[in-house]
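These notes open a run of structures that come right after.
One chain, subunit A, links the two complexes that follow: it is found with subunit B in the first and with subunit C in the second.
The block that comes next holds the complex of A and B.
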């Protein structure tokens, strides 16, 4: 890459394209989160349970995101791995009101982190402790502890409490992710 | 222009194909770039093209390979390139049956089919339906219903056609889309209307009444789409044919009038379809035929080759059934024999051959010879079939025609073509004794250089059968033995078998044959050696009866049944030796199947009406599995009946009700060694009744003992269920023939026609009178083919018992009728074509062979003489005197 390109990159002029993977158990609010990021005219009014996956595009501060919004139902979780190899970031959505399944979340997260296509790669993981509006919802701190996030050493991570229905907390999260992705790309080049 | 020229040249040299040298593993590896971000659409499109090319060339992908490729393709959903996306849908469709977890793209495809980009929508629907299994259908049902009535005609058509495909996996779900399909029939788009009609018909096709209503409604509303009208004509045609065969005539004229009116439609396609339907209708009268034929006649002189082709092809097909009507077009056909389109010319000439006079044969054959080398195999077969028909019609022309055939045999050609020639020569030989020696000579010459093993084997078999009975059997030995030296193992084995036939039938050739067989015992192939050893040791004994049984007549039992029986025997070994008599006999093909091996009666209905196999496949299946074998399969699943032993014979189904009654019942009579099983197939045609405990009560003649009744527990609307009655045959054989009164008995529960669920648990008993069941002698006899009846008869003279009687058959006036009656009555197989009465004879002898249940052989000789009615001297030889007695008394 020439000097000029490098400069452009550093300054964030050139449009960057990244793939991110959106995972988490079913009903945690993944599709609702992604829908929030989309342009007004592309937003869906009704979110139906995802069968398989959907590809959605959105932009944040000049970075183009191609999000693979995966289905979280048991039958499809085993298929996430087909999309690990070429992602540059992960958004992991957790239903913070679903205390019962927090252990399942932990298990799935560990499987993901140990996967050969993920383990050791330096890319950011953003956690949304979603549905914070629900009464009895766990705080993001409790969730981070419950999932043992502090043990993640090979990646940068961040957790935000969010409400995907109103959009609260989402912007903060995606800004962090964008920042991380930028750094990753400029380091790489 | 230059580029075009070069392309053409390259094509001829076989190097014009840019994909010629691509290789599967390389291409699959290239799919890695599908993961790139952002995707390179041009490159990806190119790779997808290669994958599709490979798949369409028949390249096989393993499950893992296919799954990996499939998931790589799914990454392309992120591309916005229309071309790439559409290639992607095709890729998904192609891999949907091989790869695993293909439902992963369900949401993505539903999004595309409902999205804003019209170019994606139809293709996404097609891909979606190919990845959907029954469990996922619920999830997409809503979208499918919407798509069927979509304003975009491409989308609507795609949804309709996909629905048709889905009926294969989930007919019931698709039935729920009937309202949407109904709405789509009103569409302005010609294709949507056509496809909607296809779906509607498919949903209703098992319900005659509903189809009738559909047709009645649509014929009144005058469809816009010519495709839909064609389809409607085909449906109407089918209804007419069914009505014809079931004897009803309620709506015959309305339906016929509709088809007839289509002869005046403005679209040529529709006019042709109507004419085609009318000439093919079994019941068409010559008055009805005339307008249809004039339409075809007009098409014969159309400037459009497709119309000329269609017309002459149709005339060709009906030339045999309506010769007079087709003769009316002779002049037009004559004009077509020089048509620059060779296919049209071939059809025109062969049509003329079928209908023409004997005097024109030579002229037409010369004409055809001038271009036969230029036409494709498919049309050469048409020519061969015409020649076959001619030989049967003008036996005297056999030498011209046979020469023509043998010339064709020497030309290049595929197996099907060569087989049709050989078949024709064989038919000629069988039909016309005078042609036999020349025919065999041609075939001998042909096998000298025949690349098709199956054909060589068949011809060798024929030589073995016919050769020994010619004037000079020795001349065939050399041809046959040459095969042993020069050919592959299957042909050598067939040659060994053929030689043994000569050894068994011609005593003066025996020493030579034994020398040849001894040499074959040194063969490298097991089968050839085994056969040679087998035949050698049998012939060595010089025992006529032994040779008759084990060489000339061959195996009479059905091979699949034998295999099954032997397998059973080895699973549970016993001290009792295996009894060959316990194995059901092989089916003897009916005369109709022999004369008409291509199954002409079977019509291809067009894509939407039925999935009927092509004619040739149907008959191939029919020949290999006998009726008994398929019934035996079914009866084995009825635990109450397994103790009865092997199934001996099953009758044709007999209708016990009028058609179009509340309940339709047909009976099949199964004979076992000691038992009779009556199988009653019952159909419930009342949509407001659920029948339970359905059974048939029979009143058997004296001597029969009721052993078991197996009722059908539950019979919902429009389903067929089966009830069985098992009886023991009377000891006294004479008492086995008789009439059974039969009554259908059941419990009725009234139910809601919409859901089929009963209104309450209460029901009431009811019954329904059926027609009588007749048990005949023929039901207890299985046909046996005797290749050499004379030898068998002679042998039976020593060891069997014999009864003889004379009858006068006053009800018949010709020998042909008498022969037909006696063959049908006894249910035995005429040997050596003795059921054909030569023209102008006043006396004739028929030879019949069969086996009575329990394994008793029967041979019958019936000498018939014409004298105010027909007198018949019947001689019966059987291994069981009671059986002989039964046959002679039953005839009287």
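The block that comes next holds the complex of A and C.
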């Protein structure tokens, strides 16, 4: 790599492209989260349950994100693992008002972390404790404890409470993710 | 049972409320999307103390969303769609006493009461007498007792029944309290279920089906709550005094074809079908039924009995299998798993064990903290595969089936037939087979000797051919240790002129080979070899040497012959080796 490339990289001028996998149970708000990051003219007014997956593109701080918005329905969760290999980061969306299925979230997270394409790799995982506005929603700290996130040692992770309808907390989360992805890429190159 | 290798845990513990203090049974529990928002709620009627504090409770996820007081002990709770109006809000029907209370949006909507029956005129007169103070209460009681002997307890009004069961001291106050209210005789609903009216959709309108203490089956219109059909299990007027319906399951469509399977308290199972004027007895159970499940696929009936047996019947009432349960069953629920193409039957046993059966095969076992009194599987909240358990001590447990769960029969390990049970394809003992066997047995020695003899001959012939080939040097490898040479020959071209390529290679490690030459031998009437004799230079080990010669076919007709190549050594009469080339047929057209 030439000096000029290095300089451009260092200053962050060069545009990077990364693949992000968006997973979580059905009705947790994955598509709504992604919808918030899209351009004003591309935004959807009504979000319907995703079938299979959708591919969306958005930009943050000069990093181009290609988000694979996976369907969270039980019968489509088998699809997730096919995209583990090519992703540079994961956004895991959790419905913090659904106490009943927190155990299912934990199960799915464990399956994800133990997958051969994920295990031992270093990349960031961003957790959105979504639907923070709902009455008696669990706090992000409680969710982190409930999911046993402190046991994730080989990956950097971050959890932030969010409300995908208003966009609260989303920017903070994705900025962290951008930062992490940047570090990851510059370390690699 | 401890010896059985249990598969890894298939169920996740989603919720565990030890202080729910619910007293209920499977028939008083249901799951429905009562707000039409995709979030399925658990609707359960808490029997309270059994007489008071009876409540209809609705759970949204883990929280108790609403409570409403019920008047009487419920016999069953079902949800159904009344109409096709949007939003698709289902109604809740609670059967208690002689009435069905219908709730919509958690508000009382309609009350259906069973039609009143004729009161015996004698009973009517007695109450009239006591009302007009023409009779002492003691005498009235005595006369009622006589009437009971005459008519049978069940044919009296519920008011008389209640009086007859009271203590002596309470008679007067009871009579004073009720004597002015007109006497009415109504039956009591014992079980309730739903039957789709005209469409099979999950949210299509359903009729209510109710069974009563008088062995009547009523089918109600979903919207108007009028009686669409009425049938007595014992025929008109119930002259045969058949049992009282205890469990009921309906399948099919009311407007097309339906089947209602009714299990009575006396262990008799009846079948009611569309356009039948009378119910037909299907079978008589060996013991009374605890619970019944009609499987959706083939309408086969699974019954848990009080004699600790689980029995499977076909839809026509033929026994298919039976199974001794480890202990008495308390509740049963179907567990349809569409993604696995499987319907299990969950059977709760005393002690807190819940076994999952597929047919008579046990597939999985879970344990609750206490004996489970109510069991229900279905969609709860957003989760399709939720199992709801209520124990006799009032604990509410919710378990969720893992997405990766696989059910395999546990009794035989993998569900495969053990190898010793696989039938082998033994041929039939025909006469020819027998004769052959006999012959083989008698002439075993001779047959073995013949076989050995033939085998040795074969080996000898092979060895002779090999020696012959070596002696005539017709092999492309030289066996002579002094001239270890490899040769390969190739014919190129279409004819009539062919080119023969010969490659020689010295295979020895260090010794060069000299004084070799190549000669050709062929029929000179057919072929003219351009260079019949080629002098070979010294062959250095490890290198390949290429030689070539033209061979022209001079035959008039399109025939071909062999060309033999010999590698000869100076002053030796025998060639070092030889190769035979089958020449291709010359392309005659090229001559023209």
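Note that the second predicted complex is superposed on the first by the 189 of 189 C-alpha atoms of A that agree within 3 Å, B and C clash if a C-alpha of one lies under 4 Å from a C-alpha of the other, contacts with A are read in each partner's own complex, and residues count from 1 in each chain.
What we mean here is this: a residue touches a chain if its C-beta (ideal position, glycine included) is under 8 Å from a C-beta of that chain, and two chains touch if they have at least 3 such contacts.
Only a predicted model underlies this, so the values are computations on that prediction, with no experimental measurement involved.
Superposition of the two complexes onto subunit A shows subunit B and subunit C fitting side by side, with no clash. After overlaying the two complexes on the shared chain, residue contacts for A:51 are found with subunit B alone; subunit C is out of touch. Once the two complexes are laid over each other on the shared chain, residue contacts for A:82 go to subunit B alone; subunit C is not touched. In the superposition on chain A, contact is made by A:136 with subunit C only, not with subunit B.
Of the two partner chains placed by superposition, A:183 touches none, neither subunit B nor subunit C. In the superposed model, subunit B and subunit C sit 40 degrees apart as seen from the Cα centre of subunit A, a figure rounded to the nearest 10. With both structures placed on the common chain, the touch criterion links A:154 to neither subunit B nor subunit C. Within the superposed three-chain model, A:100 lies in touch with subunit C and out of touch with subunit B [touch as defined at top].
Taken over all C-alpha pairs, subunit B and subunit C come no nearer than 7 Å in the superposed arrangement.
Applying the stated touch rule to the two superposed structures, the subunit B and subunit C interfaces on subunit A have no residue in common. Residues of subunit C that touch subunit A in their complex: 12-15, 38, 61-63, 339, 380-386, 398, 400, 402-404. Listed in rising order, the residues of subunit A touching subunit C in the complex are 25-27, 74-75, 77, 95, 97-104, 107-108, 111, 136.
Put simply, subunit A touches subunit B in their complex at residues 17-19, 50-55, 57, 66, 68, 71, 76, 79, 82-83, 85-86, 88.
For subunit B in complex with subunit A, the residues that touch the partner chain are 35-38, 71, 74-75, 77-78, 101, 103-108, 110-111, 136, 139.
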